[in-house]
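Chain lettering (A, B and C) follows the sequence in which the chains are written, and residue indices restart at 1 in each chain.
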């Protein structure tokens, strides 16, 4: 695809994402019934759940990219791993904030060591550390290897975190049965959130690639002219 | 197989022999652990309503800091005089290097825990009479998991300049499931008087098995002379 | 240019063809951190050769030696050691390689004999203690066998390091600036040691900085410049000025 063609595609994509968000917001405020016990704050749930799932998917992409890097040592995998981890941190921050707003609305507390909030916090910490690791190492190759090993281990840790936080005392019942209007609202929110997450991962990967020096293997000529015989 | 075992024991004996000559690691790490417990004891213990079973959390903080220092130092042995290249050049399965370092780390950590744990129990008045076996078993299993991943990470960061801080930053979030599970187990056993839940112990064992296996496999890919 | 060692005497050349190939490198390249350290390296080394690799700092000498030692893997190209693909079967090859570095590769807190016994055990040698003692005797270190390596002088620890490298009787000895920091007697000792090994039919490849010494010692000189081979000739065809020119040429 030509650069001009790519640009148009990108613009249409983001315009569509914004439009879907606008639609989802409209649905939320006109169509969706307000929940009886909690009031309007409950509507945060429709943003919270899709973003939580997107976070998990971003973490999984980072995991797969980390394995990809460790087996092939190609920088493209490293760029994807870093990009998806970055997106995971941004999304997880939203999960934490919306989760805290929910807790405030439901129990009047900004923080509680309940399983869900604790899980979000640990996930956030895991991937923030990933970003910190990348910032701390200068050598490109070493940074990629350390990042990949950590990315692999961190994702394997996630199910263990999930299982361990379930031991903590929980303040609310586990699942709620959703009425149809609520399910439709959720679907209206899933679309723009997934588009946002996917678009961000792609954009950040491209940004990572541009910020690195041109890879010698791409252009096919050495980084400095060969002297002597060839 | 017998060759592997003899090579493994050679590696471990070499590490322990060096440690016994220099005696650097064990002293430093133990003192650090006792200091952490003392600081927390001074800060928290003065408050009269600190529950005895919070000693587990205090011990974890001590283990985490001591552990990071310990893992860093066992790996640092291979950084002097380029001896790691000597190991990598030998007809040696690189996974054995991981297992031998893990064994050295475990031996050192258990020695440290043997000192730091009684100190913690003393300062916080933790009453273990209800289920001492559970306590020891849970902490031992947790330390195994901690050392498994700590050995891998210490190898990964040992060629970077920042070592200690970076290692601590990488390790702490990963071992949180161990911290959470063991502290919850202690609460249930000692405060609520319930028998140790199989599911909870299962989480710790799963952590140990998964991370020991993965670390053993990945170790080979990250060693650099 | 990048000529392989050509021999003007046909009968000797025929003998060379049947001598086993210890190192076979084709199109070898290594990129580290997006910087090309080595590229397009073609090399054939036969058993019994005594070779020096020269070049300025950053020319890629140490990297090439690390590749030959299987301590790192090439980014491009193929490397065969003793007829085996270096990337597929490194373990079988490692038993036949000995490395001498300017770093000691010895544990300073352990004694001389403990170090050698450790490596002997690691290489699976029979009677490790006896082998260790023999090696210490050969390098005049037997009286210091139980002293920790950190108490040794530089010359003594370098001798011990060579002993360690030769312990398992390797067929290919790689040495990275082994003469660095050595006094005259230790230097002479090392030169004799290398000569003995070559006479015994082993292959020695060393990275060196002293060009005159190199010309005096080795059979074949390879000059690396800018990450590739600029010169590869037997010593008897070279003059000092020629090598200096190649090494320093811009």
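As a working rule, contacts are C-beta pairs under 8 Å (C-beta built on N, C-alpha and C of every residue); 3 or more make two chains touch, one makes a residue touch a chain.
Quick caveat, the model's predicted, so the values are computed rather than measured.
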Graph class of chain-chain contacts, one of line, ring, star, complete, other: complete
Chain centroid nearest the full-protein CA centroid: B
Inter-centroid spacing, chain C versus chain A (mean Cα positions, whole Å): 50
Chain B and chain C, separation of their C-alpha mean positions in angstrom: 40
Cα-centroid distance, chain A relative to chain B, in whole angstrom: 31
Junction residues of chain A - those touching two or more other chains: 139
Residue numbers on chain B that touch chain C, as the complex places them: 3, 6-7, 10-11, 14, 17-18, 21-22, 77, 80-83, 85-93, 224-225
Contact footprint of chain C on chain A as seen in their complex: 139-141, 212-213, 215-217, 222-230
Chain B residues within the chain A interface of the complex: 149, 152-153, 156-157, 159-160, 162, 166, 169-170, 172-174, 176-178, 180-181, 184-185, 197, 199-200, 203, 206-207, 210-211, 214, 218, 221-222
For the chain A and chain B complex, residues of the former touching the latter: 70, 118, 122, 125-126, 129, 132-133, 136-137, 139, 142, 145-146, 149-150, 152-154, 156-157, 160-161, 163-165, 167-168
For the chain C and chain A complex, residues of the former touching the latter: 1-2, 31-36, 39-40, 225-231, 246, 249-250
